[in-house]
Amino acid sequence: MSLLMLITDNWYDIRDLGNVSHEILYQLDRVLPYSLVYIIAALMGFVASFLIFVLPSQLFVGVLGERKIIGRMQSRYGPNRVGKFGLLQPIADAIKLIQKEALTPKAADKAVMYIAPIVFVAPAVLLFAVVPFGGHSVFADIPVSIVYFIAISGLPVLAAFIGGWSHANKYSLFGSMRIVAMTISYEVPLVLSLLSVVLITGTMRLGGHDGIDGIVQWQRDYHIWLIFLQPLAFLIYFFCVSAELNRTPTDIAEAESEIVAGYLTEYSGMKWGLFYGMDIGYALAAAAFASTVFLGGWSMFGLDRWIPSWLIIIAKTHLFYFIFIWTRGTLPRLRIDQLMTFAWKFLLPLSLANLLVIATEKVIWNKATDGNFDNFWVYIFAAVNILLSVAAVFIWARLLGYRPEATPKRPRLVNTASGYVPIPAPSREVR
Amino acid sequence: MLHDYGQIGILVIISLIFPLGAVVTSWALRMVNVRPDVPSNPVMTDTYECGLRTEGPSLVQFNFRFYYIALLFVLFDVELVFLFPWAIIYDTMGWPGFFEGVGFIGILCLGILYAWRKGALEWR
Amino acid sequence: MTVGLEHFLVVGALLFCLGLAVALSKRNAIGVLMGIELMLNAVNLTLLSFSRFQDTPHKVAGQTFVVFVITVAAAEAAVALALAVSVYRNRQTVDVDQLNLLKS
Amino acid sequence: MPTRWWTGQEMAEAAERLVPGSVAKSTDAACYLHVEKMLEAMEALRVDPETDFLHLTNTCGVDFWDHFEVVYHVQSFDKNQFGTLKVECWERDDAVLPSVTGVWYGAWMQECETYDLFGIKFEGHPNLHRILLWEGFPGWPLRKDFLSMPGGLQPGLNEFAGTARRDAPPVVVVE
Amino acid sequence: MLHLATEAAAHPTVSEGVLWAILAAPFVGWALIVLYVRKLPLVAGWLAAAAVGVACVLSYVVLFNVIAKGGIAVHTHEWFRAGDLVVNFGVRIDGLTAVMLCVVTSVAFLVQVYSNGYMKGDPGIGRYFAHMCLFTTSMIGLVLADNLFMIFIFWELVGLCSYLLIGFWFHKPSAAAAAKKAFIVTRIGDLGLLAALLLIYTRNDGNFDVSAIQAWALNSGTPGYLVTLFALGIFAGAVGKSAQFPLQVWLPDAMEGPTPVSALIHAATMVAAGVYLMARFFPVLEASPDARHVVAWIGAATALIGATIALVQTDFKRVMAYSTVSQLGLMMLGLGALGYVAAIFHLLTHAFFKSLLFLSSGNVNHATNTFDMRLMGGLRKQMPITLVTCVIGSLSLAGVVPLAGFWSKDEILLDAWRDNRGLWVVASLVSAMTAFYMFRAIFLVFFGEYKGGQPVDHHDEDSHFHGDPAHPHEAPLVMWLPLVILAVPAIGAGIFALNHGFRNLIVDALPLEIADQIKSESSFKWGVAIASSAFAAGGILLAWAIYYKQWFSSRSIRMGFAPLTNLFENKWFFDRLYEDFFVKLVLQRGWNRLLELNDKYVVDGVVNGSARVASMASDRLRFIQSGQIQGYGLGIAAGVVAVVIAVYAANPL
Amino acid sequence: MNALKSEPFVLNIGPQHPSTHGVFRVKVTVDGERIIDAEMVMGYLHRSMEKLAEERTYTQNIPFTDRTDYLSSMSNNLGYCLAVEKLATIEVPDRGSAIRVIMAEFQRIASHCMAAGAFTNDTGAWQTPVMWAFREREKILDLFEMTCGARLTCNYMRIGGVAFDLPKEFEPHARKLVDTLPGFVDELEGLMSENEIFLARTRGVAVVPHELAANASLAGPMLRGSGIAWDIRKADPYCGYEKYDFDIPIGYQGDSFDRFIVRLEEMRQSVKIIKQALDGLPSGPHSTQVPLALRPPKGEAYARVEGPRGELGYYLVSDEGPSPYRFHIRPPSFINLSVLKQMTVGHSVADAIVALGSVDIVVGEIDR
Amino acid sequence: MHGAGPNLAFWVLAALTLVSAGGVMVSRNLLHAVLFLIVSFLGVAGFFILLSAPFLGMAQIIIYVGAIAVLVLFAILLTPRAGRDNGETRWAAPGVLLSIALMAVLLFVITDTKWTTAKDAPEITAADLGQALLSTWVLPFEIASVLLTAALIGSIMLVRSPEEEAEDALQ
C-alpha cells in the first residue's frame, strides 16, 4: 500500500482531477496485482497529461488555432469549411494524410526513412512527462526535470537529421545539416539560460509543492515570476527555443522558399503528417516549459487556489504559443550565417554575462539575508536585472556593430531625370 | 524515486506505439486498397530536384564549418555536466563557489575566444 | 532472480568486449572510434555499478569518476574525429588499413 | 526636358567625327555602321562626353530577306538623348557579327536572344547559346523563311518538326 | 605556511599570491601571445613588456619587503605523491631570491622594451615575444623554486627556451646549428644535475627542499664523499648552463640569436642560472673543500680562457660573449674562494652592465648591419648616446673606481687573495685583460674613421636589417632608453656594497652558522683595491695606446705573440678538440669500430647461425609490424588477457 | 588540392521551385552554401509572340501584349499602342491620355504590390506581406474589372485611345481607393522595412553598383535602386506625364533593400499622379477613330514607357502591310536578369533567392 | 534491486544495449552503425538511471546522444569519399576471437569473485555530486575545463584548412 501511495499520492489533489484517479487506483489495487496497477497508473497519467491536456489543445489550438490566427493576420479566413468554424479541419487533415500515397524515393534508405518520423514523435510525448499540471499532478516528478527536458529535447534533431539524410536529396541534406548546426548552436545559450534559473532557485525540479523544492514552488514562495527576475534568460530562452523548433524567423532548415522544405522534401503522407503534427507538439512543449519556468507554471499569485491549476498552465502555454504564431506570421527568415553569428557572438556572451550577474547576485543575496526568507532583495534584483538586461542587449549589439540609425529606410527623391546621383558624403560615411 | 522513471519508461513504449499506430494504419489502408499500392507514376519515386534529374552525387562533402560548430557544442555540452551540480549547491558555497565556477567558465571562454579569433565562428 | 552487481558487471563486460571487437576489426577510423566509445561506456557502467552496490565510504567517487570519464571521452572524441577529418583531407581516406605511416 | 531623339544623320555625324570612316550610310531613322569599325565607333560613342551613350537600351535583329539588320538603341542619361545604330549583315547562311558585350554588358542576353531567333552569330560573346529555345532546335524562328524551311513545319500542321523532347536526340533536318 | 625553525623570528611577510603572480604574469603573457595575438606585432610586443613589467614591479615589492623584514619564507604545497616520493610545489623567498628576481625581471623588462624597437618588422615577432615571456617565466620559476625538483624542471625549461631563442632565425643554418649546440652541450651538464637530484632522492629520503638539502650537507653525520659528489653534480649542471670550462663552447655561438636574446641570456638569465644554483647550494660547497677547489680552479680556467679569446676577437658581439664567459669564470672563482657575497654581487652588477653592453652592440648593429669591428669606426658622432652608455658599461666592466663593477670585482679579488694567492693572480690578470679588450672594442667601434658597415644584401629576404649602413644613425627611443636606464645601475650599483647592506641581505638566505661566519669578514682591503684599479688602468691605457694613438701596430704585436694569438684566435682549439677528437675519433672511429668488431665476430657468429631461423620467423611475424594501430591494439588486448589469466592463475581469490 | 575544400556541386533552383515565380531555372554551383557559379536557364514559357505578331494586324496584336507581362497588362498595352501611334502618327485625345495614365499608374501599383509581396515571401516572411499586398491589388483589379471587364489581361488600350470610356462609378471608387492606398504603403513599410530581420536579409545583398547597372542596360527600379535617377516618365514624357508633379525615388547603393524601397516609394508617387489625373480629368472623346486594318507608312518606330519593371520598349518595323513586318519587345525583366550572376556569385543560396526576388521577374515577359 | 519493475527494466535495457552494440559490429553502413550506437548509448543511460544516478543518465543522453553522436555524424558526412563502408580489416577475425577470449576471462572473474554488496543504496543526488566536485575534486574540476579547452583548440587546429593555415603560417 505504501508503495502504491508513492504512485498515487501525485494524484490526490481535488482540483487536479487527481482524486478520481486516486480512487480508481486505490480500488484497483485491491483486486489486481501491483505491477498491473502500476502500468495502469502510467496509462492514466499518459491519458491525463497528454491525451486530455495536450493533444486536444494541440489539435484544436495548435493546428486549427494557428491556421486561423495566421489566416486572420493575413487578412483571410483560414479553415472554415469542415464542421462549424472549421473545427473538424485537423481531423479531416489527419484522415487525408493517413490515406495519402506514401512515396518513397528509389534512392532512399527506406528503413531509416520510416524510423525517422517515429523517433521524431516519441520525444514530443516524453517531454510532457515532467511538466507539472498542478502541485501534485505531474506525470513523473523527478528531481532532475530540467536536465531531463534538455536531454529529451535534443533527440528530435537527430531524427530530423537522419530523416533528411535518408533520402539522398540535396535539399534534404542541406536541411539536415542546417537543422543540426542550428540546433546545436542554440542549445548552448539555451542551456546556459536555464542554468541561471537553476542557479537562482537552487533546484532542478520543475514543479514542487508546499514542502518540496521546485521552480514553480520557488516562484510561489517569492511571489514573483522568474521572467521579471531574469528577463535576459527568458529572452535567450525564447530565441533559442524558436530556433530549435524551426519556427520563423529561424526556419532555415525547412526554408520553403530556399531549399524546398529541407529535410521534409521527400516526405509525404502520414510520415510527413507526423513531422508536421509533432512540430506543433514540440512548440507546445517548449511553451509549457517556458510557462513553468519563467511564467510561474500552474501558480497564479494565489488564484490557483480557486482556478484549476491545469487550466492556468494551459492558458499560459497557449499565451506563450501565441507569440510563436505571431512571430511566424510576421517575420522574415534569417540566413544561416546570421543565425550562427547571432547564437555564438550575441546570445552566448549575453547568456554568460547573465550567468555571471545571477551568480554575483545570489552570493550577495545569501550574504545579505543570511539564508532568511526575504522578498525585498528579490524585487531589488528584479529591477536591477531588467535594467541590466536592456543595457546589456543594447551595449553588446552596439559592440558587435549594430547601427540602426545608419540605415536609411526611405529612398531619396529627385525631381529630374539626370543620371547618377551620388550619395552625399556624410551619409555614405555612416553606411 | 525509481518509480517515476519506471513510468517514464512505460511512457517511452506508449510514445513509440503512438506514431507507429499512425504509420501502421496508413499501411493497413494500403492493404485494403483505400490508398494506392504502388506509386502511379515511376517519376514520383524519383528524387526531387525541382522537376529535373539529379545532377551529380547527392552526398557530397560539406563545409568544415559545421564541424567547428559541433566541436564548440561538445565543449559547452560537457561543461553543463559540471555546471548543473555547481548551480545546485551554489547556495552553500559563497564566494569560493563563485570563483570556482567563474574560473571554470572563464577557461572555457578562452576556448571560445580562441575559436572566435581563429574565425571558426565566421560562417563563410 | 533478483538483479545484482554481477548482472551489471556482466553487461559491462559484454559491452566492453563488443566495443573491443568493433575497435579491433573496423576498417573505417570513425568505426574504430565508435568501438572505443562503446568501451568507455562499458567502463562508466561498471564504475556506476560499483558505486551503487559496493559498500564504501566514498560512494560519490564513482559518480565523480564517471563525470570525468565522460569529459575525457568527449575530448577524445573531438580530437580523434578531428584527426580523422584532417587525415581525410590530406589522404582522401580514413581507412586504417591504408594509414600505415607507423610502418617501419 | 523631353528626350532629344537623334536622327540618323546626327548620329552619323557624331560617329564620323569620333571614328572617321565608321559610318556606312545614314537615314532619318538610323545610322548604319561598317561592321569592321562598329565596335570602335560604339566605344567612342559611349565614352565621348558629347554623345555619352552609356546605356544600350535595346538590341534586336530584323530580317529583310536578303540581309539582316541588327538595331542598337542607345541613350544617354546625363544628356537625355537617344539614338539608333544599325549594322547590316549580308551573309545569310553564316551570319556573323562582332559582339558588343565588351562595350555594353547589357547586350549579353539580347545577343543570345538574337542568335537564338535569327541565327546571327556574335563573335566574342562570352557564352553564346540558345537562350529561349533548346539546343538542337531546327532553324531560326524569326527568320522570314522559317516556315518554309526544308523538312520543316507548314502552316496547319499540328506537330512541329522540331519537337525534340528532353531525352530524345535533336531532330536532324533532312535536306 | 612553513617557517624554518631557525628563522621563526623574522621572515618576509609578502603574501604568497604576489610571488605566484610574479611567476604567473609572464606566463600569462606567453599564453595570451601564443593563443591570441601572435599575428599582431605591436600588441604582442607591448603585452610581453607589460607582462614582464608587472613581474618586475612585483619583484621590487618583494625586494623591499625582504629588505625590511629579512629572513626566509617558504610557501610550499604538495604537488604530487608517487609512492614514498613526495614532490612539493612551492616558492621560497629570501634575500638571494629577491635580488635575483629583481635582476631577472628588470633586465628582462628592459630587454622586452628594447626588443620592440629592435625586432620591428620581423615576421616571427609574435613567436619571439612568446618565447621571451616563457624564458622569463622559467627563469623566475628557477629563482623562486623552493626545492631541487622544481629547480630542475625550470632549469630544463630555461634550456628549452634558450634553444628556441638562439635558433629563432631557424632558417639560417648557423643559427640552427648554434641552437642545437647550446642545447646538447648544456644537456651534458644537466646529466650531472640529474645525478645530483637522484643522489638526493636516494640519500636524503627524497626530500628535495632547499633548506633540507642545506641542512643535510651541513649535518656532520652526512658522509663527506656524498656531499662532494652532490656538489660536483650540481656544479656540472652549472658548468653547462654557465658556460664554464670545458663546456664554454656553446656560449659564443649562441650569438646567432637576436641581440636582445643574447643580452637576456648572457647577462641576466641563463648563464646566471648556474651561478645562482651554486650560490643556492653554497652551504654544500662550504661543507666540501674538495668540491670548492674544483669550482674555484675551473672558474679560474674559464676566466682566463674567456679573457684571452676575447682579446683577439673581431666581432663586437663575440667580444662581449667571451667577456661573459670570463666574468662567469670570475664569479665561479669567487664562489670557490668562499666569496658568496662577492659572486652574487658581481652577478648583479654584471647583469646590468653586460646587458647594457649587449644592447649597445645591438644598436651598433642596427646602425651598421654588422658586428664586425673592422667595418665600423667613428660612430661616436652619429651615436652619442650609445657611445656614452657603452663607455659607462665598459668602465664598469673594467672595474674603474667609482663604478659598480669596481666594487664587485674588488670583492672577488679580495676573497681570492684570502683563499689562495694563485687564484688572485689569475683573477687580476683577467681583470687587466678585461679592461684591455673592452677598450680595444670601444676604440675600434666608436673612434677613428667609419669604414662603411656591411652593405645590405637585398636578395636576402630574411635580412633583419632595415636601414642604411652607409649612414649610421642613432637608434630610436625604445632602443636607447633602456640603455640609459641600465646605465644608472651600471654606475651606481656599487652603493649597495656600502655598509654591508647587500651582504646582510643575501647572507640571510644562508643557514645561520655560515651566515654568521661570512658576516664577520671584512669586505674591503685597500691593497687589493689599489692593485685591481692599477690593473684596470693599465689595460685601458694599453688599449688607448695601441688602438687610439696607434703607437704600436696591433699587427706587430700579433706577430710578436704569434703562437699565443694563434691559440686564442682558434679559441684554444676547443671546437676542434670536440669535433675531431670526441665526435670523429672517439665516437666514430673508436666506439663504432668496437661495435663493428663486435658485430663481425660476436654477433655475426650468433646471427649467422640463427639467421635462417630468424628470417623464417620474421616472414611469419612481419605482419605484426604492419604499422596499423589495430594490430598493436590486438597485441595490447592479448597481453591484457594473458596478464589477467596469469595473475588470476597465480593468486586465485 | 581540390578536395581540401568542400566539394562544389550543382543545385537546380527551378524550374519547379517556390521562389522562381514561374518556370524559370537557375542552375547554381555551390561550394557548401556559397554560390560559385550561376547559370540561367529559361524558355520554359516561350510562346514566340514576336513571330505570331507578324501574322496578325496591328489591332489584333494588343491582346498578345497582355500576355507577355501578365502582371502589368495595362502598361504593356500602352507601350504597344504608343509605338503604333508613333509609327502611324496618330494623335490621342486628352481624355484618352489621362485615362491611360490613370490605368497605367494603377497597374504599376498592382504590379509593385505583387513584387513587394513576392519579394518579402522570398526573404521568408510566411505569406503575410504577400497577402496584405494582394488585398490591395484585388481592389485595383476590381477597378479594372469595372472598367473593361477583365482583371488580369485587360486588353483595354486601343490604338488612338482606350477601348471604353470610364464608367461613372469608377471615379468615386478610384478616389476612395487612392485615399486608402498611401496608408497601406505605410503599413507595408512598417511591416517590412522597419523590421531588423528584413533589413539584415536585404541590406548589402545582391549589390549592383551604378556603373554595372548602366552598362548592363538595367531599367526601372533596378536602375534607380543603384542611384541612377532615370525614369522615362520624367525623361521622355508621354501621355502628358509632364503635366503631373511627382518625384523619382532612387536608392543608395543598389542592394536588394534599395530596390524594395524604391518600389514602395513609387507606389506613393503613383498615387500622387492618379490623384492629379483624376482631379484634372478632361472631358471629351476617349479615343480617335482608327481604321481596323491599319496600314502605317513604311518605316520603323521605337516607343517606350516606364513599365513597373522598367523601360518597356516596342520596336515596330512596317512595310505598309496590315501587320507589322517586325515586332520586337524590349522586356525589362529579361534584360534586368543579365546581372543575376554578378548578384549571386559569392553569396549563399538564401541570398540568391533574395536577389532573384529583388529583380522582380515575370516569366511570361522573359520568355515571351 | 527489489521488485519486478527494476528487474524487468534491467533485462530490457541489457537486451537493448547489447543488441544495438552488436548492431554497430555487424552493420555495413556506417550511418546505420551510428544509429545503433545511439541506441546503445540510450540503453546505457537507462542503466545509469537504474543505478540511481539519474543526473548522469541525463548527462549521458545529452553528451553522448546529443553531442558526440552529432560529432560522429558530421565526421562521416565530412569524409564522403571514404565511403559509408564499415567493413572489416584483416584483423577482424583475431580481434573478435580475442574479444571472446577476454569476455570469457572477464565473465569467469565476475562469476568467480565473491562480491560484497551493500544492503541499502542511499540516493546520490546531483547536489552530492556537486559537493564532491567542488570540494574533494575541485582541482580536477578546474582541470577538466582546461582539458576541454585544449581539446577544442587542438581540434580546431587539426581541422583548419590549409588556406586558413597559410594566413598565419609565418606568425
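First chain written, first letter: the chains are A, B, C, D, E, F and G, and each begins at residue 1.
We adopt the following convention: a contact is a pair of C-beta atoms (placed from the backbone, for glycine too) under 8 Å apart; a residue touches a chain by one contact, two chains touch by 3 or more.
Because the structure is predicted, anything quoted here is derived from the model rather than measured.
**Q** Walk from chain B over to chain D along touching chains and report the minimum step count.
**A** The fewest touching-chain steps linking chain B to chain D number 2.
**Q** Which one of the chains is farthest from chain C, going by Cα centres?
**A** For chain C, the chain whose C-alpha mean is farthest off is D.
**Q** Out of D-F and B-G, which chain pair has the most contact pairs?
**A** Answer by contact count: B-G.
**Q** Can you tell me which chain is nearest the middle of the complex, judged by mean CA position?
**A** That would be B.
**Q** Return the distance between the CA-based centres of chain A and chain E, expressed in whole Å.
**A** Chain centres of chain A and chain E, defined by C-alpha means, are spaced 65 Å apart.
**Q** Compute the distance, rounded to whole Å, between the mean C-alpha positions of chain C and chain D.
**A** From the centre of chain C to the centre of chain D is 71 Å.
**Q** Report, in whole Å, the distance between the mean C-alpha point of chain B and the mean C-alpha point of chain F.
**A** 45
**Q** For chain C, jot down the residues that touch at least 2 other chains.
**A** As it turns out, chain C has residues touching two or more other chains at 20, 23-25, 67, 70-71, 74-75, 77-78, 81-82, 85, 89, 92, 96-97.
**Q** Could you say which residues in chain G touch two or more other chains, in rising order?
**A** Counting only residues that touch two or more other chains, chain G contributes 5-6, 52, 54-55, 59, 62-63, 66-68, 70-71, 74-75, 77-81, 89, 91, 94-95, 98-99, 102, 125-126, 129, 131, 133, 144, 148, 151-153, 155-156, 159, 161.
**Q** Which residues belonging to chain B are in contact with no fewer than two other chains?
**A** In chain B, residues 3, 5-6, 49-50, 57, 59-62, 64, 66-67, 70-75, 77-78, 80-82, 84, 87-88, 97, 105, 110, 112, 114, 124 touch at least two other chains, as defined above.
**Q** Which stretch or stretches of chain E touch chain G in the complex?
**A** By the definition above, chain E touches chain G via 35, 38-39, 123-124, 126-127, 628, 630-631, 634, 637-638, 640-641, 644-645, 648, 653.
**Q** So in the complex, the part of chain F that touches chain B is made up of which residues?
**A** Where chain F meets chain B, its residues are 3, 6-7, 9-17, 25, 32-34.
**Q** Considering only the defined contacts, which chain G positions touch chain B in the complex?
**A** My answer: residues 5-6, 9, 46, 49-50, 52, 54-55, 59, 62-63, 66-68, 70-71, 74-75, 77-81, 123, 125-127, 129-131, 133-134, 138, 141-142, 144-146, 148-149, 151-153, 155-156, 159-161, 164.
**Q** What residues on chain G touch chain A, complex-wise?
**A** Residues 4-5, 29, 31-32, 35, 38, 54-55, 58-59, 61-62, 65-67, 69-70, 73-74, 77, 125-126 of chain G touch chain A in their complex.
**Q** In the complex, go through chain B and note every residue touching chain G.
**A** Residues 1-3, 5-6, 9, 57, 59-62, 64, 66-68, 70-75, 77-82, 84-89, 92-93, 97, 100, 103-105, 107-108, 110-112, 114-115, 118-120 of chain B touch chain G in their complex.
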